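For clarity, chains are labelled A, B, C and D in written order, and residue numbers in each chain start from 1.
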Amino acid sequence: MKQKLYASLDEAVADIPDGAQIMFGGFGGAGFPNNLIQALARKGTKNITAVSNNCGTREGELGLMFKNNQIKHVIASFPGPHANYFQERFAAKEVTLELVPQGILCERMRAAGAGLQGFYTTVGVGTEVAEGKEERLLEGERCILELPIHADYALIKAQQADELGNLTYRLAARNFNPIMAMAAKTTIAEVEEIVPVGTIDPEHVMTPAIFVHRIVQAKGLRYAG
Amino acid sequence: MPGNGIHEKVMPGNAIQQKVMPGNAIQQKVMLAKPRLAREQIAQRAALELPDGAYVNLGWGIPNLIADYLPKEITVYFHSENGILGMGRRAKSGEEDFDQVDAMKVPVTLIPGASFFHQADAHLMSRGGHLDVAVLGGFQVSEKGDLSNWKIPGAKDSGGIGGAMDIAAGAKTLIVCMEHTTKDGAPKIVKKCTYPLTGLACVDTIITDLAVIDVKPEGLILREVARGWTAEEVQVLTGVQLIVRQQIPEMSFA
Amino acid sequence: MKQKLYASLDEAVADIPDGAQIMFGGFGGAGFPNNLIQALARKGTKNITAVSNNCGTREGELGLMFKNNQIKHVIASFPGPHANYFQERFAAKEVTLELVPQGILCERMRAAGAGLQGFYTTVGVGTEVAEGKEERLLEGERCILELPIHADYALIKAQQADELGNLTYRLAARNFNPIMAMAAKTTIAEVEEIVPVGTIDPEHVMTPAIFVHRIVQAKGLRYAG
Amino acid sequence: MPGNGIHEKVMPGNAIQQKVMPGNAIQQKVMLAKPRLAREQIAQRAALELPDGAYVNLGWGIPNLIADYLPKEITVYFHSENGILGMGRRAKSGEEDFDQVDAMKVPVTLIPGASFFHQADAHLMSRGGHLDVAVLGGFQVSEKGDLSNWKIPGAKDSGGIGGAMDIAAGAKTLIVCMEHTTKDGAPKIVKKCTYPLTGLACVDTIITDLAVIDVKPEGLILREVARGWTAEEVQVLTGVQLIVRQQIPEMSFA
């Protein structure tokens, strides 16, 4: 049977090619796959399209990816007040940005995970977000069509994993991680702790193993902003 | 009330581009020098709008101060778009857990009965009409209740939307807390927003350092004015004709 | 503050008017609000549009509603092999049926709960389910447009509730219940047990209190097929 | 292989309406009298198609028997659309918990590492391409891999779709297990389905009481035949021309 457990962070990201579309979990400093991000920096994958709520906090989180110029395009909701490496590259037009309302970012990723081909929403109608999008009336409301966001990889952070890939998240470090796990072709989870199969109560599994393809334990950087 | 002499003082449509209005420049100067409410007082006033038992989201800026001013006799369940319902006060030094942060990245406590969930469910709550009240900051509100609050025109940085558009689309009641004018004295309550929009016809109530104003189908209804201010004076600093239906009471804080 | 706790099943359903659109949780005998259904039978609400996976098991579950002729239209996925009261009324044209693929039933309810106005799916393309629905190509696939299913009430079954309305479900009795809780204007939960606020671990709440409007303890009928 | 003499025996398009084909009526009668595999053997053969570690959904009917025939050396994670991943064997008498049932309402056990989730997430797994293999029953499969499995034309009852359409749309590999012909001897593998459809071009492999057949862009490829049957005999009972690329081996059960 295919083993999901990886011995090192570097092995877990070793096959991520240039040009990959990658989702990165985390919000507000919590639940970022900081150790996988560092491994991806070591690997040096270029021309990444990143999907992430923010664009890093100084050198922390995605900041390192922008500092190293590994990202060419980012789909984000709130680049953030301390995303200086991103903002520099953005001002220099070295990186392009698609700005998406936060809930719609979640729903577009969820649509990809759920095998839905698009959805209508009132969110963003009449705003810059609606530019270039189909608009129509549905249920008496002006709506725009939003399309799924897929990814080749999702790098996520969880608290516990069993060896099958069942995950739990701690407190508000859950945030985007379970959604991205569902949306990517290959989901790579860095976790605080690996527990024996059967340890996590089946009722309390937060991401079922079916969505998780690689697991690596990382005791390093928990917060990196 | 229409015809009460306020009409003449209405600022024309695009107040941003003509910051000082020729017709009432002197009057406006006087107004701008008068003391206004502090940001904390705007928050304190907004706190009174929250019903007991309400599910509430507080946005960045002034709204984030509201939790400090809740009347003691009511319980409100604060929602955070990163997946928390039932946030309590900010964590004190030493009790911070950086996995338990609000949408502003500030470590918070929980009240009993709190819950965690993923971010799609968090925004589902906002967008799906489950929040009773949301309070956002604002750059501009139009007379139809359009809101601009996420990007300053001409800014060089990327801007950032966050959860505001989902909230604007879905909250049962949306309150905007903001200063009544820009630092340059231009009205932030305008005929038509000139800043990038957050949502159309989404604002229900505007609470500023000068007034409480309700957005109704018939127009903007002045409900309260700050101590020391008259309806006429507030009108001078407002880019839209306000409807004044009664003797306007002073803004209350308890 | 508005009290969510109801003293009796009858009080919990007392205001449900004729013609209401009502969702009923449950699947495969598990997680049915059997006690609320009995209360609704006592109340005698008529002309209900029901949304439910199945159409009852003999007199059990929704069977009672069909036996009493309280339902005029049902949106369901799998009426079921023992839905004899439904099948009789259906054959007699006393009740109409909209048959929906099970996952699409979930998604249409979720869309209602999530404030989305519709979505595209490949599910059902070219089948009877697609009849009368808009079809288009999206992402290179033939898709049909599906619209949200709203409800005035959801009757659901949970294991534990605290007095604020946080819910847990037991094992596979979860099924449709959390989705319906999100989709209805008023969600009424019958629960096995009411526990003090703070008893349910915030990480293990399965339906957050914001989705639950009425709670009633019911020690009666757990399985009714 | 085209040109191997099988062509002439192909049943014309709509086999349902003309249950007994004039051209080969005698030959067909002989075929219908020959012993075929039992339902359990179809399930046993299908079990071999499941890769170690696969996430698998089993539908009603024959597919539901597959779990009993899994090779001992492999582990498969069974998915149930009511919100279980990691179902084990059926519960024995006395250990049933009626809150832990499969999609057929049968109390089941769990294997270590199982999980529960709500029904929207369960179908998300089916529809979103997360299941490695799904096995459904079938009334008809067309040469393009269209499937009909939910309703018999002319039936008076309502029919029922359940999770089959989501699975048909999303599973990475879809296997259909069914008898090769109806009780009346009409082929269930047909040019074009005449029963109400479940999904278009969704079936990858058909396992019957006579054969294993793969659905490929170039057509239906005969992979194995049941013991005592020849490719030519299977062709007689099939409504579509089968592609025979090699000496066809006997259906294996281990």
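Simple rule for what comes next: a contact is a pair of C-beta atoms (placed from the backbone, for glycine too) under 8 Å apart; a residue touches a chain by one contact, two chains touch by 3 or more.
Owing to the predicted nature of the structure, the values given are computational and were not obtained by experimental measurement.
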item	value
Of A-D and C-D, whichever chain pair has more C-beta contact pairs	C-D
Rounded Å distance between chain C and chain D, as computed from the means of their C-alpha atoms	31
Distance between the centres, which are taken as Cα means, of chain D and chain A, whole angstrom	37
Distance from the mean Cα position of chain D to that of chain B, given in whole angstrom	60
Residues of chain B engaged with two or more neighbouring chains	116-117, 124, 127, 166, 169-170
Residue numbers of chain A (touch at least two other chains)	107, 110, 114-116, 121-123, 170-171, 202-203
Chain contact graph, described as a line, ring, star, complete graph or other shape	other
Chain C-facing residues of chain D, complex	80-84, 97-105, 116-120, 122-124, 126-127, 146, 151, 156-166, 168-170, 196-200
Partner chain A, residues of chain D touching it in the complex	52-53, 55, 74-75, 77, 79, 85-86, 110, 112-117, 121, 124-125, 127-131, 166, 169-170
Interfacial residue positions of chain A with respect to chain C in the complex	107, 111, 114-123, 138-139, 141, 143, 147-148, 168-171, 202-204
Partner chain D, residues of chain C touching it in the complex	27-31, 53, 55, 76-80, 86-87, 90-91, 97, 99-104, 106-107, 109-110, 121-129, 142, 170-179, 206, 222-223, 225
Chain A residues within the chain D interface of the complex	1-2, 110, 112-116, 162, 164, 166, 182, 197-198, 200, 202-203, 205, 208-211
